[in-house]
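What follows is a set of structures for review.
Two complexes come next, and they have one chain in common, chain A, joined by chain B in the first and chain C in the second.
The block that comes next holds the complex of A and B.
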């Protein structure tokens, strides 16, 4: 509805625009065009949105769940080919952490002598255990393996052979509990893909089950960005309507809505979100949109209310009153177009905030369901992987989010400056 | 002054009532019958019936609300559904660890951000200024989760400078050993947005006439920045420090979970995971009260910092 009113106003404006000065939006767009940072960040945001839409249409990353690589396949720029190719040049800290990884493809083949490559879960265990010793023993093991690679391989073979039995039966200590989980989750997804030939490396590596991290990140962006946009829409809508009512009517309506605002803003945001999440038992993308939207409207309310208080006494509103425009009409037909830039800026601030919140919620396991991938759930997996030296999923999810959020924030700043320089610094 | 405080506390009551109603509505109405939640934990139907009677959910809503109000006033929320620990005991024992992290953090963060903001604003427009602002903008965009994961891995796990996690009984040991890395992480995370904001506060003051006058009188640059400018810039800063407290709380929640610090945040997350309604209810209400009190303190601090402020 707001779009309709906007375009109606625009149409009217355009009719007389030939002779009169250009409108607010034209001017703002012109100012924005001149801002190079704004245009670059707009392009980046647009690229993310495009990827998200393509992914939603299943044109990109549709097969993200397919296990195209081996478990934890490293990024190809680290290990161009199989392990023996780069035995000597392993001095950078990056590769040190990857060295145990290099052993996986070579070690797994002889390992098949005792049943590993075909049955995935155990392959998982092997990979896990091979990753574990250097992590646990610290740098020494890693350093040792950098100097004499073949020997280290043998060592790992031995360790791997020695370790599985407790991994299968015991579960008292932490790392083993991890392995158990690995086995269980491996059973869920692995068996179907066991037949395909799996690649040793992928452009940006693979996760625990050998799924391409890039495809996964794109798929994750679909959830995270959608939640950010949709929740921002809900929150701005609530904030705008309530803020308009409070600011326009004042008096008792204002008091009541202000009370409502005070109640919501006196509970710390995350606590409120968690409380709502605890109550709404079912998980889902729409649930989280609802949670964020219903709790995050307070900032928009405060700003819009102030704008409406400012505008309601202006001459054009009095004129509208004089020609018999109803309250609703005055509020949304006459005043709203004049404050819509505040709404837009506020919404774009909220998108960033909600993307961050979604990531935190999904990370904690209160967000999207387990079978939906989001940047938050990726970070959750990456947390455990990092200890094994597998940093690429963390880098992909964290990096993608950082780039998008940076671009979006810069664009929001530029948008705010272009639309209304007076607003600068109004909202942290 | 006293009259002002009393009036403010009086004005808090409706808001507080609203919070109580909201929490009540969420947990007793939207949340549905707690017996369903409990059914997963306790299989014995007699026990569930017993608990229902204990909670009063078989009573009409207004009586339930009365029970809830009584619980808040007497600070007796019964026991946790999961661990059977007294909720009041949970609150009392979890507050200490949270404060051990939060108070030093608040102190350090304010000092460091203000000092940096003064320095950066002093050399405004220079390469240093622009570099710091760019770093802040980028640093702001990285998820707090990434900071925690990477810092914990690098500084605690790889280098072993800090314990990976844990908590002791001794306050000093907790402060120096176990809270050091969490505080450092939260400091890094919270500096970026605050520095950006404080810089604009300082910039608003730095071109004022009184600065020029002070300089003309021969006042030293240090005194100008730290006394003249800071005093005037501190009003919006105080507002912001107080407004940012809930944000610090979020960071503290996550850090407590990662570092197994037995504080309020970890308790909330655990309670949500276990659908432990009494604990969440109690924590939400009391944290909201604390937030209101902090806001009152902020207003009182304005008066202390700037005598021109009239408390109405």
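The block that comes next holds the complex of A and C.
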């Protein structure tokens, strides 16, 4: 054959090559695209992933730690016309329990009404005891009251705290206020931050330090989703490799791995997590990934092992043996693509499970360190805030998690349907 | 030819039956395209067709067993049974007809019987439901039925679970259940396809006897015309959802009008002839088949050089019993034979005879327990895995099921180039691709196939791919393990022709394993009959069919369905 005809042949083949048939993944994707629920949930998951990436690149919510609002600033939709906060009430966390009535939002919701009574339960009693407004108290009156009221000194201190003289700005109460401010301005980056007036309301409220809950939730999603994805990857990897070895070789290898698996799964799950956490000794996102990854592979192991046991007896694997394919080749080039959909579905189930696990771990305090925010740590904080009626942090973290987990689960279901081998059998 | 047989008062008349399957929201597939036929009283009607002909769909439509979620029976379709249109009947009314008046036996007795109930319970259930019998009466009747269908020792077998019975006995139990209520119509959907040839004969005889005894009608569905020749009164030939031909059996077999019927009769290998190549359906449809095809002679002669010598091959399987005990099962016992170069050795036997084990052991897919196989003077069974690798490419295998033996996630190109990659054949990827294209051409597949996945091909095409894959290694010995058994007769003919062409071109030696004696006889020079792991008889193929020495071989040959008895094709040497 001359070069010319050869190249003509190749050109023709290149032409045919464009008609290469859709593989399993293309077909599955086509099926998936017809599924409306799948596409909506995929869009939601994709949006979360995008947010996560943007936040990891510090493009979004990079300044989540800045205290942009007053502490516990309510969501703005609750209080569209709230009066600007009195400056004195905003600066330090220590003051939180002594917020003046004026700074507390007008009792627009039952929550805030409840709030004011809780914050200062003895306020009314005190007012009765004194019998007159503290603002009118003169020196004589003070002297007189000494007789009447043995608690006057204490009262005065409290008074001073409640109505500090202008300019003092709570310094008298909080000796660390200056340090705090320095820290804040350092964190906030912009020198104007400290000067900038704190906002009374934020789109979805603020936490106890006045940090924007939305920014915090976004930053929290970064941690939670990363932990979910990375841990699922680790767990599926371990589960798949061990499962493939056990299922393919069988015999002694299977016995040994099964023994290992049984020992692992006989330890209560939470206890195992705590044990690994104790061994690793340090808190951090990667630690959680390792904890979850090292403890969560068992489900994938059993499933993949069963798949390999089923497939190793199939004729196409025998045929691969007949053409001389090695064990590794049969295991990973021939069988693996045929079980990969199981691996994928298993992995996305694990992602959901691990996002929840991370939240539980952080909630219990075994999770991410204090300087990192995750949905779990937000829920942990919300635990105390809820008593004060500050529900927005809980709502934000819980809502975001619920939406993501639901969307991811629905997507996983749709994915499993799209990859279902039974549907493929109907075509053949 | 579309006018139905008009008979006075048929049992069932099907008129303009159309069945459509919804594939998805946008497309559907018409499986049965307006067929009409009658089932007369007290007679056997055979519905014959290859896969995709709509024969089973027709049977399911009569019984109202089509899945309602994706199948639609056209509103104008009529299935008239004693004045009622079964196609329009509601589920409740249909159930009272089904089982009592019309009953069915399926292809796979193993999966049609519930494994967790005894066979007695399952027969009694039918009797109690449809006949309202008491427990004791149902049991007595079940015993009668088991005796009637020829199950030995019914009082013992009635309390057995299906798994404790053989395949033939399971099918007998299915038949007992089907005739329990004395139905007027028995639908048998490929009832013997999964069975060995000797068992098939017994079941066919049983169905024929029961039909006469109970004066019922039988609708017998099969892909194999030869099977129905012995029992059918009327034959209906279907293709692609349409009736190609129907008429009395004698007429269809002796004077087929439709070219497709003629093709079906001709492309199945026959015991008394060996054309150089088998006619295929296309020949008949285009009218080329009228040319006489020269005969080919086959047989091993004294001067043939053996390429593979198998000596005292044995293979045992061990089942664990108790804690320490092992139970030995000898699948192959002391088998010795020579495979002559460029010839075909046929390996015939019923299921459990060890014929497939012989093939797999020679490929070292099973480890041999005893014996040796000499290939160029070296024992390939005794050598280490590493030593065996160069020999591996010289002995290749084609499996039974082309649906299972190709990796569904590889495109055909990958399937074909991979073996060459492993064994380092060809200098570059481009070389291997060129070779793959060449082989595709050789096995008669278009170039586009290279880029397609196995599921896009039909069974016959897939088997071609499997053949091409084994040819990539340029083997000297090809083991065909039931390689054409899963294919339709017309496709089977094409693949057999291809195998013979390749043998002529490359001088391949075949070990051809099959349960189908006619196919083995056709393609083999020498035939080895196996039973229970042992060689019964080994001789040249013409010789063994003309003059079987062993009683087992004689029994096997006598069981082969021979089509229409009245015709001259039935007068083969052994039947006389």
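Operating definition for what follows: the second predicted complex is superposed on the first by the 287 of 428 C-alpha atoms of A that agree within 3 Å, B and C clash if a C-alpha of one lies under 4 Å from a C-alpha of the other, contacts with A are read in each partner's own complex, and residues count from 1 in each chain.
Convention: contacts are C-beta pairs under 8 Å (C-beta built on N, C-alpha and C of every residue); 3 or more make two chains touch, one makes a residue touch a chain.
For clarity, every value in this text was computed on a predicted model and none was experimentally measured.
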{"item": "Which superposed partner A:334 touches (first chain B, second chain C, both, neither)", "value": "second"}
{"item": "Touching partner for A:360 - first (chain B), second (chain C), both, neither", "value": "first"}
{"item": "Touching partner for A:23 - first (chain B), second (chain C), both, neither", "value": "second"}
{"item": "Which superposed partner A:315 touches (first chain B, second chain C, both, neither)", "value": "second"}
{"item": "Which superposed partner A:276 touches (first chain B, second chain C, both, neither)", "value": "first"}
{"item": "Chain A: partner with more touched residues, chain B or chain C", "value": "B"}
{"item": "Touching partner for A:406 - first (chain B), second (chain C), both, neither", "value": "first"}
{"item": "First, second, both or neither for A:386, with chain B first and chain C second", "value": "first"}
{"item": "Touching both chain C and chain B, counted on chain A across the two superposed complexes", "value": "428"}
{"item": "Touching residues (chain side chain C, partner chain A) in the complex", "value": "25, 360, 363, 365, 389, 392-393, 396-397, 399-401, 403-411, 418-419, 422-423, 433, 437, 447-448, 450-453, 455-456, 466, 469-470, 472-473"}
{"item": "Residues on chain A engaged by chain B in the complex (per definition of touch)", "value": "135, 138-139, 259-260, 262-264, 266-272, 274-281, 356, 359-360, 363-366, 375-376, 379, 382-383, 386-387, 394, 398, 401-406, 409-410, 425, 428"}
{"item": "List of chain A residues in touch with chain C within their complex", "value": "12-13, 16-17, 19-21, 23-24, 34, 314-316, 318-326, 329, 334, 337-338, 424, 427-428"}
{"item": "In the complex, chain B residues that touch chain A", "value": "14-15, 18-19, 21-23, 26-27, 30-31, 37, 137-138, 140-146, 149-150, 153, 157-158, 160, 193, 197, 200, 240, 243-247, 249-250, 253-254, 257, 268-269, 271-273, 275, 277, 280, 283-284, 287-288, 291-292, 295"}
